[in-house]
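Chain naming follows the written order as A, B, C, D and E, and within any one chain the residues start at number 1.
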Amino acid sequence: MDILNAGVALLNFVVIPAAAYGAQLALGALGVTLIYGILRFSNFAHGDTMAFGTAICIKVTAVLVALGISIYPLPVALLALPIAIVATAALMVGTDRLVYRFYRRKKSDPIIMVMASVGVMFVMNGLTRMFIGVDEIRFDDGARFVIDVASFRAATGLQEGLSLRTSQLITLVVTAIACWLLFRFLNRTKAGKSMRAYSDNEDLALLSGIDPERVVRLTWIIAAALATTAGVLYGLDKSFKAFNYFQILLPIFAAAIVGGLGNPVGAVAGGFIVAFSEVALTYPWKKVAGYLFPSWQPDSLLQLLSTEYKFAVSFIILIVVLLFRPTGLFRGKSF
Amino acid sequence: MTQAYLSASQMRGGYGKADILNDCTITVERGQIAVIVGPNGAGKSTAMKAVFGMLNLREGAVLLDGEDITRLSPQERVRKGMGFVPQTHNIFPSMTVEENLEMGAFIRDDDYRETIAQVYELFPAVADKRRQNAGELSGGQRQQVAVGRALMTRPSLLMLDEPTAGVSPIVMDELFDRIIEIARTGISILMVEQNARQALEIADIGYVLVQGTNRYTDTGKALMADPDVRRTFLGG
Amino acid sequence: MSQTRQADASSRWRAPLVFLVILVLFVLEGTTRNALFSGSWNTALGILNMGLISAVMALGVNMQWGYAGLFNAGVVGFIAIGGVAPVLISTKPVPGAWAAGGPGLILAFAIAIATIWAAMLAWKHLGQRWRGLAVAALLVVGFVLYRRFFDPAVTAIEANNSASAGNIGGLGLPVLLSWPVGALFAAIAAWAVGKVALGLRSDYLAIATLGIGEIISAVMRNEEWLARGVKNVSGIPRPVPYEVDLQADPSFVARAAEFGLDPTTASAIWVKLLYAGLFTVVLLLLILAAQLALNSPWGRMMRAIRDNETAAEAMGKNVTRRHLQIFVIGSAVIGLGGAMMITQDGLMSPGGYAPLRYTFLIWVMVIVGGSGNNWGAVLGAILIWFLWVKAEVWGPELMAGFTSLLPEGNLSQTLMERAPHMRFIAMGLVLLLVLRFAPRGLVPEK
Amino acid sequence: MIQVHDLHKHFGGFRAVDGASLTIETGSITGLIGPNGAGKSTLFNVIAGVLKPTSGKVLMDGEDISGLPPHELFHKGLLRTFQLAHEFSSMTVRENLMMVPAQQSGETLWNTWFQRGRIRAEERAIREKADEVLDFLTISHVADEKAGNLSGGQKKLLELGRTMMVDAKIVFLDEVGAGVNRTLLGTIGDAIVRLNRERGYTFCVIEHDMDFIGRLCDPVIVMAEGKVLAKGSAQNIMENEAVIEAYLGTGLKNKVAAEIEAERAQGGGHGAQPGLGKGTGNGPAGVPA
Amino acid sequence: EDVKIGVSFGFTGPLESMSPNMLKSVEMAAKEISDSGKFLDGSKISIVKADSTCTDAAAAVAGVERLVTSDHVKGIVGGMCSGETIASLEKVGVPNGVVMISPSATSPALSTIDSKGYFYRTSPSDARQGDVMADITLEHGIKSVAVTYTNNDYGKGLADSFVKAYEAKGGKVTINTAHDDGKADYSAEVAALAAAGGDALVVAGYVDQGGSGIVQGALDTGAFSTFVFPDGMISQVLVTKFGKSLETSFGQNPSAEGEGHDKFMEMAKADGFDGSSAFAGETYDATALIALAMQAAKSSDPKVYKDKIMDIANAPGEKIYAGELAKGLELLAEGKDIDYVGATSVELLPPGETAGVYREVDFKGGTMNVVKYR
């Protein structure tokens, strides 16, 4: 029984939350990694792209809800998502026209692109807030729980409870589907391969008859789709707040790097590594130890590091990984 | 005489203000092998790039099969049937050998598996590595992949910039044999070579380029026979 | 080829031109009063001073990136470390703090250093099979021992008068001394960081340093014994007189009157001028040293390393050591800037060390200025800082202009309410425009 | 003298160098040939410290140098060129050469501030030296061009030029000839011989141009599939059946041999440079005077 | 005369969602004063804004610098966050002799700064709230708590003073740990708090920042069901967000009962914003104090009116509640003394901060109910 309790406690406080968070990071990191891999720069505007996509999704959701549409127990936002993706993709492609294409044509140093993306970040940051304001917005109108603590306790008679939110489940499922689609696309389809070819050797891609502008457009569209999906899932799970989407950029970058920049598998793995290291390494083992060894009641929390340093922990892991694998776990690129 | 298949005439242009090419003319008939030789830095690669549309020409025109393609972008020229292997950076390093070849067939909609098999037959060393990333290959193996990629296009004009640099003698022989064979099927071939004597040996026409201008133009055999050309450009 | 030549030809005029533009902007800010400029020399000088400090930081980043291609995204961390120096050097000692935990702290740090040293020795000299285990064991034992002394010492120090102190306090020395010390702190940190992370390639190094920057600022926020953490240290001594003292000084008031200024304004301007003088001297010395180094074989070697590490290594250049050298020096300069900033602010508030404001903004300065070019970095820094501050005013003005075109109503009202966010848009637009019209920076590298 | 003992270098499961043992005698110009992918460049990279060996040892004059970083090897007098040119692309061609000499006092920060005079004098000497090398390589007209803008062959020359900036003990040349004009390659060959004779440089040369190998190298080592296949004089090697089958082939021999015969019949007035004028592939190569 | 008053709040940055309502408060007060027609012989108040960003001291100083030296404001409502407030006070306010009244900077450090009489605040120092919170918690029969605080001088100071008081009174703190605002995810924090356990969770954070994230996580995972909320958390938003889940939770925030407060809530409602949002009342009072002091001194010169602030804020005199600024101005014009009560029962203790009246609230029945004042 106590072993079960310990397991449930771990599942409830470590495994499920970290998995959901990891999936959110993974989706974000996929977008970052795709742009890095194919367009060769770290896109600092990605967090704000996520925010923008989510903002659109929220507005559309509001309209749908006003029309009386509901897909309970799923949130209506899922229906609005495709529209938000289209809008965000249009914005991204437009931004590329206005901003990035110029530097690409000039074959500028990647750092110039990075700085341009900082500029885009500032602008989008402002635009999103203009558009939807700075307040926290909840737009999850679906059922909140698949399993909630009280009913779990009642059903099992365990002391520890277990909860699984609908948003967490959706996040995991959608992430899995998105990854599968993306991998298939990149490795099996001609368009996907042409993207990889372009990322490898732009001039040679040209010589093979690949239209670079098409590849770029495709990249932005996919990145926009990933960003919007990631942003909406994150927003459903937590809540929408423009400011937070800038903050999530750092763990996203960390995830993309741990896995190996430019490598989609790495991005996904990286997302989970960052999430699990944040949660698991700062977890106090006192309670679990209490269940496992009832006779031992430790005074201290049995916590490796306090949560103030959780971010530090994930970065330390990152550095250690990089020391042994200088281009990430799954061999990323470095331009 | 009928119009040459490729005719790039009086090309002038370069990378910036200074002109690398000065009144440089290159023509290839259908099914012919044309070879450009010349000292390092003469502008051979530049001329190839100019023909392929990767350089802005200040003067001159490029005609393919009578059609003026001077203003077309490289990828449009690919669709017109031109294939090109650059001198350097001529593979996709993080794609597998097989994917490199597939990329060569990017514009083809038909079944290209047979062509792939032919390429592997030509370069058995590379066939063993088909699942390996091309970036991990040795210098000569890369070169073989690069040529293989261009062959995949099934071009009507194949342009090769030093295809034999770094390949072993046995492979070079194979390669030249193969090039002759290709030319016999009616495909025009334009190549730059530093292994000049072997190349001129099989060339229908040879160009000696010096400082961006045509210095000598003649059949391969004739150039080989010219002692001046031999001494100053072909290494004796 | 000719592109670079063109750049060469125009670059002779680029720097003076940009300088002139900046000068005009500052004069406008100082004299003209309208929707865009404040017409106050006080604000103009205030912006200039922070601009000069940013220029010092940008120089440091430029050394790392522009000379050696090292992507340090942990700038904020080194600024923070440099900022500790004024607190530790110049604030008054906290009575009882040393007695409470000083020896414990020293012992703990000695243990920490000994542990790491022992672990490194073990890693080097033990066989493949055992070293992993041995090092892990050493580290665990060392960590436990370290906490054994560290924790009580910290608790004691933090308990000591926690409302207004709670830290180990300073030495009460002149604050100017803290500038080189700040540089030294940052250099030491950079040395440790560099030893670990410099093997990494560009973007990987960037994210590692980004993490290290975050870790450093997390330490600053959470280790109260050091500099009060989030409780902030205020009232850090100054190298220049206080305005209120000047206002109370009759001879100063008389002087001010000669210039037709009221004592308040005069004192504020005078103090800022003194700061500006100090900062300018530091900046010029740094540029001189940097230029001399850059235009010598040392600079050539660094450029070679930046271009192609493998080849430089094969040509006998010890790339790792050179990277470490420039990383340490660059970080020291950044740390110096951090110390200068805290001295000017008179306040240490670690909650403010946000990567957006420090790391990225400084990077923007370097790139906009023209990486690899010292003058570019300096001019870029002053210009961008000017714009960053003015964007606060210009953004909403822009919005006001826009809404005035709209009919009165809900929309224009909401937009006006959200106008402060135009600050970001304005800043972003300015950045994009500069990058568009000077893609290699305002003053490109030759 | 470089001695390689049972050297292995594996990439994952693939054995790029698979137990190679060989010796490069001091004062020799040793040729290293073999089919594409034989492991020649990999062997170079291991010797030059770019790759760590999986197992085995490299000795230089009896001292174990396996695993030493390249910059230390440089200071021991071991230089190398890269098969794919590694120029410093945003520096001028002259600067590419000037950065090479070791122990420049201007490379110490302190001196750049307080020893300006000494640096200036040193720079003048290094610059002269660099210009000499550029002249020799026929690329002095691009001395102030960015090295990244050079043609493929010019980059190769620059690569070689760097090794001429210092007094080396042993130089590893990885296909300097590929992409270099044959006339110029002849001159380079002369230079190698001169450096070898006059300054006592030891060379180890990878090359696919058998004329070049034949003219310069003794002995020649043949690698195949990561192992040493044969070793001997150039002439022996070219007659070795195994080598012909694995590497040289016979195709061109027939074609070109016929042509050469024809030339001989004509009286061939262009035999000024013996060895280089001979047929490709299997002609016995003369050693230049 | 057009009397300019500066406002320095974090309109962008981590508290950007808190500032708009505070600004509305200022505007409401300013309008009330201007419309009364009695302020300094019919003078009007106009507002000039500066964005302090809340975190970036340098930007805040630059902003306030502009307010003072360029716009020549006569007084400043702000700063908003303690760190930034200290910086602008020391670098601009004191040297230039401009009065700053902060509605929300609550760090105890501000009590000891030598402000030469130029700094006041309408919110109490956090030193006191910890004490009050400890009492309330113990009265609810809660003997052990976990504490989490927002990692800044406010959260840290408050948590520390609470822990000290609570333990002194016999309670047990299982864990006292920070959370950083604006983080992407709080699973780690919730897990740690849950593992440490306790009868209740004290959340010394901001309701629209990490504080809510923590509460959400704790509720979802069933880690805690009872929460103790200090001022940064008490807000209608909390009820909207968590509604019935807070049945057993409680908290307190500085807020006076009575007429003034009710009146302010009404006015805010009429003006279209939520008067109970954090520091809205305090902001109103800060603005009013500046105007009233000017009126009392018959001068808008900060060097003159600064000495009147304590007088008008404290007894003796007629009590002036929120919405009665016209009356206050009139009385002062007549030379009578007033005792400004305002929206938050302002009572200034030396060196110029409110003593702090706190109201205890609970959330029974899915609404926020005031239990009592103390």
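One rule holds in what follows: a contact is a pair of C-beta atoms (placed from the backbone, for glycine too) under 8 Å apart; a residue touches a chain by one contact, two chains touch by 3 or more.
Molecules present, by chain and UniProt name: A, C = Branched-chain amino acid transport system permease protein; B, D = Branched-chain amino acid transport system, ATP-binding protein.
Predicted model only: the values in this text are computed from it and were never measured.
Touch-path distance (fewest steps) from chain A to chain E is 1.
Set side by side, A-B and A-C show the greater C-beta contact count at A-C. Farthest chain from chain A (centres taken as the mean of C-alpha atoms): D.
The chain with its CA mean position farthest from that of chain B is E.
Taking each chain's centre as the mean of its C-alpha atoms, chain B lies 54 Å from chain C. Computed from the mean C-alpha positions, the centre of chain C lies at a distance of 32 Å from the centre of chain E.
Note on chain placement: the centre of chain B and the centre of chain D lie 27 Å apart, centres being C-alpha means. Residue positions of chain A touching 2 or more other chains, listed in rising order: 129, 134, 306, 308, 311.
The residues of chain C that reach two or more other chains are 1, 4, 221-222, 421, 423-424, listed in rising order.
Along chain B, residues 15 each make contact with two or more other chains. Per the touch definition, chain B reaches chain D in the complex via residues 15, 38-42, 44-46, 87-88, 125, 136-141, 143-144, 162, 165-174, 176-177, 194-198, 201, 227, 230-236. On chain E, the positions that touch chain C within their shared complex are 11-12, 16, 20, 49-51, 55-59, 61-63, 65-66, 68-71, 82-84, 86-87, 90-91, 94-97, 107-109, 112-114, 116, 127, 151-153, 155-157, 160, 178. Against chain E, the residues of chain A that register as touching in their complex are 9, 12-14, 17-18, 21, 24-25, 129, 134-136, 138, 145, 148-150, 153, 161, 163, 165, 234, 238-239, 241, 243-244, 247-248, 251, 275, 278-279, 282-288, 301, 303, 306-308, 310-311.
Chain A makes touch with chain C in their complex at residues 36, 42, 44, 99, 102-103, 106, 108, 111-112, 115-116, 118-127, 129-130, 133-134, 246, 250, 253-254, 257, 261, 306, 308-309, 311-312, 314-316, 318-319, 322-323, 326-328, 332, 334-335. Of all residues in chain C, those touching chain D in their complex are 1, 4, 289, 292-293, 296-301, 303-304, 307-308, 310-319, 325, 329.
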